[in-house]
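Right after this note come the structures.
Heads up, the next two complexes both have chain A, just with different partners, chain B and then chain C.
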Partner chain A sequence: MNIFIFGLVNSVILALMASGFALVYGVSRLANFAHGALYILVGFATWLFLNRVGVNYIGSIILSIIAVSVLGGVIYRFLLIRVKGMPASEIIASLAIGIAIMELFRWRGFISEAYMLPPFVNGSVSIAGVMIDWQRLIIIGVGLAIMLLLWLFTHHTKVGLSLRAIAQDKHASMMSGIEPDRTAVISLAMGSALSGIAAVVILPLGNITVETGYMVLTNAIAVCIIGGLGSWAGVFAGAFLLGFAEILTAAFIGPQWQMVVVLLFIILTLILKPSGLLGKQKELEERV
Partner chain B sequence: MKKSALIDLIGIKMLFILLILLFACVLSPALSFSQPIVLGVPISRGYPDGVDAERGITLAVEEINAAGGVNVGGAKRPFKVEISDTRDLEAGVPVAEALLATERLIIEQKANFIVGGPIRSEAALAAMDVVSKHKTVSILSAGVLSPAYSKRVEENYDKYKYCFRTTGSVVPMIGGTLKTFESIKAKKGFDKAYIMVQDVAHARAAGNLLKEGLEKQGWKVLALEIYPTGTTDFSVGLSKAKDSKAQILIPWFDMPEVSILMKQWFDMKIPALPIGYIHALQDEGTWKATDGKVAYAVVLYAKAGSVATKAIPMSEGFVPNHKKKFGVEPRSEWTSTSYTVVYILKDAIERAKSLNPDTIIPALEKTDMMGTYGRVKFDPKNHQIIENGDPKETAVGMWAQWIDGKRTIVFPDKIATKSLEMPPWMK
Partner chain C sequence: MAYALLPMVSFVLGMLVLPLVVPSMTWQRIMTLSCIFALLALSFDFLAHFVGIVCLGGAFFTGVGGYISGLLNSAFGLPMIITIPVATIAGGAICTLFLIPCLPIRGIYFAIVSLMYPILFHRVIQALNIFGGTDGLPGLATFPNIWVELYFIIPMTLILTFGLRRLVNEDFGIVLRAIKDNDQAVRASNINISWYKTKAVFIASTIGCFAGACLAHLYGWVGLSLFALDFSIFPIAATVVGGGGTLVGPILGALILAPLSEMLRAFGPLRVVFYSLILAGLVIFKTEGFVPFLERKYHQFERWTEI
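After this line comes the complex of A and B, so read on.
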């Protein structure tokens, strides 16, 4: 039961970390390497609003997510748009932006272990004899809710449908009057907001550090490679595969082998199915 | 007025001004133009350990300068701090960066001494050659727990005689730790331990030494688990510790994510007391940041001084002065060691009456003074600080337990201010 519960938590955490990255790539074919930086930006911004400005916790979270969402859109509109269509330049530019954001925090002295966000609800509960804190249960709830909302958004709203249309066939959707740069701005803004939501629910488990940004980016890439870049269902498959693999490795082999298992999965995926578990490039309806 | 008379008048005025300045300098050393003693501080400024060391050095230098400076053979000279960012704690930054930063301090900033870092063992070991090449005395006061440092000095004294270390070495540190566990066994009757260490060299070495030492003491070591740096979930290990009826958890981590371990331990109500080297929990702000979930955790500080104790008088002045200047109590042990290192140097310079390494080295070897962590003495063979005894005789580490939002010293017994407490779910 331990393994099931904590495996589920670990998987949802990975899915949340990767969801913003996957959404942006799925829609705009842009690998946003600033993803991890936006994640910690929300963490630090929430901390600052809460502890320095005096805004309440919910207000701080909302303000931070809105701010990072706007920033995501601005990053595309004024920076990434200039290197659009050049994948290597897109990666270099977004990585540079990410490093600049993260190292800015380090430079300004955000390096103490005391930068932490409080959990939404304190305390723990026993489920089938396994003690688990409320924050982890909230993560599961938020993760599942996000997935459901995203499905509804991309299948039942005009903007969501336009995002899927661009992802499926850019030229055909342009002929239908959908503006690709506008949808890319929306996808960056939404992807950034998703990284922000992931940050505010996951960061209360530990503390906010600059290194967390690099770790989140690495995890997001690992999940997307295994699950399949551009595939929304693949994100879940990758996250659950890695999440349970890590927990099972810790339980039966040893926690020091967790990273080895992750790398092994990446290597095997790249050898056996380079597009990822569900990254079926031709089955466009799977995307977004 | 004639031209010659005007020149005389200006000359007399200038003479008066010079005389006034001369008197001012004699009467007030603070105004003197004596050349400062430059302390080169190579540290990783982007990490808490570097900031902690910088704060300790800055505070001590300000205190010493305010009191008139250092008496070098009758002349009062102030300390001047030059800091260079080594970035040695940052992942992926090559050791060469730290070496360049250290050498820059010696060549460009004309540092008379190197104090503080580099902090990472690999960088500090490599920097031994740099400081020795330039015949610049260096006293490490942050990080670097590798036994290799003092071993190199002992094996090649003539080459590395310029290198001193006050931070400690993992071997005596484990010795002190084992004494603490012996005391816990005797007082609480515990005999089942669960070791969880970070996957870095010093922690793995500590884990193996602890396992071996504890088993010799009659403990049953249920597991020695190694966690990769950056691990964010410890639930499986904690569940295993609970199921195997462990009574103490021994975490040995210097990564910030270890706060997750403590929060999970608290939330899962694991009936095993965490007691170990949990670097991220040393900070005074940890209680508030974790909503008190560090309660009952016992944290090792490689050197005492971050919490004031009557048993070490210098700590009673240092802690409030630090809080006054920086708004917080000293965070990690490296603030205490870096504060004391400046006083160690002042003491040695004043006894040597010179800045010459040939006279400073023997003076440092004969150091015998009280610091913020007990008596400071170096082993003259390997330039390692002597530790783990009575604070009146040697340097000591400290075990602080988080109780009611404060860090209270519970071990070693000679400096303890309270006895060990158990969490309610273990009573």
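After this line comes the complex of A and C, so read on.
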């Protein structure tokens, strides 16, 4: 039971971390390696608004999420748009921007234990004999709510439908008057906002550190690869597979093997089925 | 004739003379390190732009090469003159064996697998606590003095660069480039592309393992940091800065970027910020790369004076 509940929480955390990355890649085929940086940016921005500027907690969360989504859009519109279509340059440029953001925080001295966000609700509750704090339950709730909202957004609003259209067939949707650059800006802004939401619900579990940024990036990539790049169901499948695999390894083999199992999963997925568990890319395109 | 030879001769002479003119020993040391990175960048460029395999396994190569030569040196006491060649060949073979199952995968997917291998090895060594575990193997043999170091690694870099440049223009290279452009057509000509790709990966990983073995003996120490991500990321950066598909470009890129990162050391923790901003700027606003740019200017200038 213990394993089941914490595996579930871990999986939802992974899914939340990966959702922004998956959205950006799915819509604009752009691997946004600045994802982890945006994640901790929201954490630190919320902390600053809360403790230095004196906005209340909800206000500072909303402000920092808006700020980071604008930043995401700006990064695409003015920087990444120039290297669109060159995968190596895209990755280097976004990774370099991300590292610059993260190391800037390190330089300003944001590296002590003091930087942590308060949990939304204190205390814990016992479910089937397992003590679990409210924050972890809130994470599950927020994760499910976000997935539902995203589904509604992509299936029932005009902007959401245009995002899906671009993801499915770029040329056909361009012919129906959808501008790919505009949707890419929207997708990057939304992806950044998603990473921000993930940050504000997950970060109260521990300290905000610069290393979290790198960790979030690797986790997001791992989940997206295993689940299949550009597929929503895949993000879920990948997150649950990895989340439970991590918890099970930590429980039965030993915590130092956790990362090895994750990496083996990634390598085996890529060798056996490169498009991921539920990826929609044609197998032939990936293999010779 | 002079017109055609001038760039090449000035490059070779420049590489050979540079260590003599740099001010201090620190800078000579940086030169050797730049050459190590240049070798990694060279192997990346060869695979990426002549075979069509984007391989981010730079750290994998340095790690395997470094650990083999380190183990041979510390466990059996073999001298450097044996460990480096053995580590180069055996390391190349081991890396190739690990990469063979991934060869059918294309593009970014291969890149990710090859990026994962060094991290995997790093974690396995850490978890099993073998090969000295997290402490590494200290006390390896080092080069007798800085001049041996410099004039062993720099000529090797030059030989490998021009050797590869010749190779890609031979029949073998033509097949490789055809595989990059259209692998199905090559297959239709009854050529076993997996075999060709294996050979290409072997060449590239041999170069990488050579760099790793040299690095181990430069520091006199082998540790988990040989599997660090820098060795995978830096070659791409150097290739993008120098201009991909030229083979000389990555060398120049590495010779620009590695000293740059040292110069920025004065800024303390801000160093990484500046470095990544400069890198992002170069990638975003100067997409073409350094060598193609110079090449274009060189030819333009000549034509302009003659008319």
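Heads up, the rule we're going with is that the second predicted complex is superposed on the first by the 281 of 288 C-alpha atoms of A that agree within 3 Å, B and C clash if a C-alpha of one lies under 4 Å from a C-alpha of the other, contacts with A are read in each partner's own complex, and residues count from 1 in each chain.
Please note the rule applied: a contact is a pair of C-beta atoms (placed from the backbone, for glycine too) under 8 Å apart; a residue touches a chain by one contact, two chains touch by 3 or more.
It should be emphasised that the depicted structure is a prediction, and the values quoted were computed from it without experimental measurement.
Q: Taking chain A as the common reference for superposition, should the pair chain B and chain C be classed as clashing or as fitting?
A: In the arrangement built by aligning on chain A, the partners chain C and chain B fit side by side.
Q: Scan A:86 for contacts with chain B and chain C and give back first, second, both or neither.
A: After superposition on chain A, A:86 lies in contact with chain C alone.
Q: Identify the partner contact of A:142: answer first if only chain B is touched, second if only chain C is, both if each is, neither if none is.
A: So A:142 meets neither chain B nor chain C here.
Q: Check the residue A:104 against both partner chains and state whether it touches chain B (first), chain C (second), both, or neither.
A: Touch status of A:104: second partner only.
Q: Who does A:271 touch here: chain B (first), chain C (second), both, or neither?
A: In the superposition, A:271 touches chain C alone.
Q: Tell me the contact category for A:190 with respect to chain B and chain C: first, second, both or neither.
A: Touch status of A:190: no partner.
Q: With the two complexes superposed on chain A, say which partner A:225 touches: chain B (first), chain C (second), both, or neither.
A: After superposition on chain A, A:225 lies in contact with chain C alone.
Q: Determine, under the contact definition given at the top, whether A:259 touches first (chain B), second (chain C), both, or neither.
A: both
Q: Of the partners chain B and chain C, which touch A:217 in the superposed model: first, second, both, neither?
A: Touch status of A:217: no partner.
Q: Taking CA centres after the superposition, what's the angle at chain A between the directions to chain B and chain C, given in steps of 10 degrees?
A: 70
Q: Of the partners chain B and chain C, which touch A:24 in the superposed model: first, second, both, neither?
A: neither
Q: Look at the superposition and give the distance in whole angstrom between the closest pair of CA atoms, one from chain B and one from chain C.
A: Least C-alpha distance: 5 Å.
Q: Output the chain A positions appearing in both contact lists, the one against chain B and the one against chain C.
A: 103, 106-107, 254, 256, 259
Q: Name, in rising order, each residue of chain A that touches chain C in their complex.
A: Residues of chain A touching chain C: 31, 79-80, 82-83, 86-89, 91-93, 95-97, 99-100, 103-104, 106-107, 221, 225, 254, 256-257, 259-260, 263-264, 266-267, 270-271, 274, 285-288.
Q: Provide the residue numbers of chain B that touch chain A in the complex, in ascending order.
A: The contact residues of chain B facing chain A are 46-48, 51, 91, 199, 225-228, 230-233, 235-237, 239-240, 256-257, 259-260, 263-264, 267-269, 280-281, 283, 285-286, 288-291, 331.
Q: Could you please specify the touching residues of chain C with respect to chain A in the complex?
A: For chain C paired with chain A, touching residues are 48, 54, 101-109, 112-113, 116-117, 119-120, 123-124, 126-127, 183-184, 187, 193-194, 233, 236-237, 239-240, 244, 268-270, 272-273, 276-277, 279-280, 283-285, 287.
Q: Help me check something: in the complex, which residues belonging to chain A touch chain B?
A: 2-3, 6, 9-10, 13, 103, 106-107, 109, 111-116, 118-119, 122-124, 130-133, 205-207, 209-211, 214-215, 246-247, 250-251, 254-256, 258-259
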